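In the two complexes below, chain A is the common chain; its partner is chain B in one and chain C in the other.
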Partner chain A sequence: MKLLTCPMNGPRNIDEFQSFGPVRARPDPNATADRDWSRHLFRAENRKGVVVEWWRHVPSNYFFLAERDLVSNEIIRTFDASELRDRA
Partner chain B sequence: MAAGTAARIYPFMPGGAADGTKLVSGAIMLSDLTDRPRFGLKGGGSADWLAAQGLTLPAVNRIGDHRGMRILRLGNEDILLLAEDAGETLAQVKAAWQAAPAPKGYSSWREEGWAWTRLSGPRLAEAMSALCALDLRPQKFGADDIAQTRVGHIEAVTFRSPKGFDILFDITASAYFARAVAAVAGHTA
Partner chain C sequence: MPLRLLKYGLSRDYPVSGDIPATPELKPAYDVVIIGGGGHGLSCAHHLAKYHGIKSVAVLEKGYLAGGNTARNTTTIRSNYITPEGIAFYKEGVELFERLSQELDFNVMFSQRGQLTLAHTEATMRSFHMRAEMGKHMGTRTEVVDQKGVEELCPLINMDYGGPLEILGGLWHADGGTARHDAVAWGYAAQASRRGAEIHQRTEVQGFEIVGDRVQVVKTNRGRIACGQVLIATGGMNYDVALMAGVELPIRCYPLQAMVTQPLKPWLHTLVSSVSLHTYLVQSSRGEVVIGGGSDPYQLYSTRSTLDMKEHLAEGAVHLFPFLQGVRLLRQWAGITDMTPDYSPIMGASPLTNLWLDCGWGTWGFKATPVAGKRMAQTIADGRVPDILKPFALERFETFRLLNEMGATAASH
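Moving on, here comes the complex of A and B:
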C-alpha cells in the first residue's frame, strides 16, 4: 500500500486521494499573446525534476500541495496551500 | 422531534430507499441513527458565528461538547453538531442561525446528505479492523478523535461513541453499507 501524508489527516492510503495536477502560472488572457495563451491551454509540461501538485483528500474534501519527484515518483513533502500563498 | 422533520423518510424506514435491508445484530451490531437531530455549517464565517453563540470549538479532527451536543470539527470552516440527546439545544442553535444575518456560513445539509450509523457489540474491534484501514485502537485513537477516511470502501467520518463507533457517510450508500457490515460480520463471527 502506498501512503501519502495529508497535512490535515495524517498518513493515509493513496487511494483516498485525488490528484489535480501541477500548480501552474495563471496568465491574464487579455494580456497574453495568442501563441502563449494556446500553449498555456493545450500543452502540458513534460520534464524531469520536482513538481508541486494539487492533491485532494477525498473523505475530508481537503485540498493541499505535494512536492513530487517526477522520475522516482517519490513524494518529497506535503503542505497546506497557505504556505505557498504566504510565500507569494 | 423538531418541527418539519416528522414527515421525513430515512433510508431504513418503511418506504425508504434501503427499506428491507437488514441491520446486523449479535456479536456485531449496526444501528441507524439517521433520524437523530444534527446540523452542519460550512464555509467562511461558520466558525466565528458558532463561537459567537458561546460554543467552544475544538481543533480540526477533534470533538468538543456543548450542553450535551457533540461538536465535530471536520475542517477550519466545516463543523457538525450532533444532538443525539440534546435536540432542544440543537433546535435553539438552528433557529438562531436561521434568524441571523450573514456572514454565518451555510448549511451543509448533513441531516439530509449523511447517514449516521453506530457499530457496536463484543466483536466491534475485529469488525472495525476489517472495515477500516486506520489504526483505531484506543491508545492510538482517543474518544475525541475524528477519522475522515474510508470505512467499508466508502468515504466516511468515524469516531468513538460510548457504545461503539459512530460512522457518518453518504446517505445514498445506506443499503450498501449495511450489506458491507453484514458481510464482515459473517466473516468475523
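Moving on, here comes the complex of A and C:
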C-alpha cells in the first residue's frame, strides 16, 4: 500500500486520492491565440523529473498539491493550494 | 553418419545463419535512421527495404530488440474503433496481420478467433450499436449480440443474471485476433536485415544536431550519424526523444500493467473484454491466460508492478470466470504507455522537415505494427503523408480536429 500524506487528513492509502495532473498556468482568455489554447488544453508536463500536480482526497473532496518524482514515484511533499496562490 | 546428412553439411547454406545478425559497426551516415527497435520501427525498416528499395537504414535500439512495449503488450488485434478514420486505418492493420506469416516467411502465430466486448449497462449497449454500425459501414465484421449470443460465443462466462454486473450483451468482432508479439518483431527484423537494413542494439540516442528545420546528425552513445530522414518510434520514450529535437508532443506517460496465469487446457476461444470491469482476457497458444490491462491512475515512468493493480485485474477476471479463483499467476509486468488526449496515435510530419513521428501509441500500438510500419515507410520514401495517415497529424490538436477513440479503447483510464 502506497501512502500519500494529505495536508488535511494526514497519511492515507493512495487509493483514496484522485490525480488531476500537473499544474498548468491559466491563460488570459482575452489575450490567448487558438494555438496557445490548444497547448494549454492538450500539453501537460511529462518530463522525467519532479512535477507539481493537483490531487483530491475523494472522501473529503479536498483538493491540494503534491510534488512527485515521475521516475521514482517518490512523493516529495504535499501542501495546501493557498501556498500556490500566495506564491503567485 | 548417413551420407545424405553429410551432403547437407557440406552445402554452401551450412551452417545456417541466425535470423537476426549481431550489431554491426555504425556507419557515418544513413539515408534513414529509425529510432526504436520495436515492432513499429522494424516494420518500417522492412517496408522501406522491400517496397521502396531504401536499404541504407539504421534501426537504433537503446536496449535489446523488441524489449519495450512490443514485449509488454497483450497482443490484441482488432479494428472495432468508432471514428471512420480510425477504423479505416486499423482495418488495413488487421488485413496485413492476416497475411503476415507469409509476408515475413516467419510464423507469427496469428489466430483470428474474434473479440467479444461485454456490456453491463444500457449506455455501453448504445455505444456498441454505434460502433457496430460504424464498423459495418467501413466494411469490418462487427455486430451487437444479445445475452444468448454472448453465451453461445463464450459458454463458460458468468452472466451474473440479475446481479450488479449482469451482462446485457456484447460487441462481437469476428475480425479480432491475437498473434505472438515477439515473433512479429523478429520476423520484421529478419526480413529487414536480410535486405540490408542494420539493427543496432544497445545504441542510445542522446541528442540531435539541428540546422534550420532539419535534423543533420543523430548523436548516440556509439557515435554521430548523419541522416537523411529520421523516424521516432520509441513507444513510452517518444515524449523524451521528441523533446531532444525540440518537439513537445501532447503526451502523458502512464504505466500499463498486465499478468498471465499458469498454462491451462484450451478453454477460452475468443478474446474477452469488459468495459465496466476494465479487464480483458486472452488465452495464449501455450495455454496461459493473459489478463490486462490496468493503466495506473497517475503519470509515471516506472515499470514496477503493484499489488493494487493485480488485485483489480484478478477481481475482474474471477468475476467473469469464477473457476479461475484457484489458478496461479505466473508473471506480471508493466510497460510505459504514451497516452494522447484523444486516444489516437500521432503519425506523420513534425515541425522539422526530415523528422517523422510514429508516436502516441498508448495502450493500442501492437495491432498497428504492420500498418504503421507500412504507411510510415511510404511517408518517408515519398516525403509526403498519405491520405490514410492525414487525420493522425500532430497539428490536429492545434486545429481542434481530435479523433476521439477513448470509448473504443479497452484498457482502464
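Throughout what follows, the second predicted complex is superposed on the first by the 87 of 88 C-alpha atoms of A that agree within 3 Å, B and C clash if a C-alpha of one lies under 4 Å from a C-alpha of the other, contacts with A are read in each partner's own complex, and residues count from 1 in each chain.
Methods note: contacts are C-beta pairs under 8 Å (C-beta built on N, C-alpha and C of every residue); 3 or more make two chains touch, one makes a residue touch a chain.
What you see is a predicted model, and the numbers here were worked out from it, not measured in a lab.
Enquirer: First (chain B), second (chain C), both or neither: which does A:D15 touch?
Expert: both
Enquirer: Please indicate which partner A:A44 is in contact with in the superposed arrangement: first for chain B, second for chain C, both, or neither.
Expert: The answer is second: A:A44 touches chain C but not chain B.
Enquirer: Contact-wise, after the overlay, does A:V58 reach chain B, chain C, both or neither (first, second, both, neither)?
Expert: first
Enquirer: Touching A:S72, do we find chain B (first), chain C (second), both, or neither?
Expert: In the superposed model, A:S72 contacts chain C only, not chain B.
Enquirer: Counting residues of chain A in contact, which comes out ahead: chain B or chain C?
Expert: C
Enquirer: Same chain A residues contacting chain B and chain C, which ones?
Expert: The overlap between the chain B and chain C interfaces on chain A comprises residues 1, 15.
Enquirer: For a test of understanding, state which residues of chain A touch chain C in their complex under the given definition.
Expert: Against chain C, the touching part of chain A is residues 1-2, 15, 18-19, 21-22, 34-35, 38, 41-44, 46-48, 51, 53, 68, 70-73.
Enquirer: Going by the contact rule at the top, pick out the chain B residues touching chain A in the complex.
Expert: Answer in residue numbers: 60-61, 74-75, 78, 133-134, 147-150, 155-157.
Enquirer: Which residues of chain A touch chain B in their complex?
Expert: Within the complex, chain A contacts chain B at residues 1, 8-9, 12-13, 15-16, 57-62.
Enquirer: Considering only the defined contacts, which chain C positions touch chain A in the complex?
Expert: For this pair, the touching residues of chain C are 239-240, 243, 248-253, 297-302, 304, 306-308, 341, 397-398, 400.
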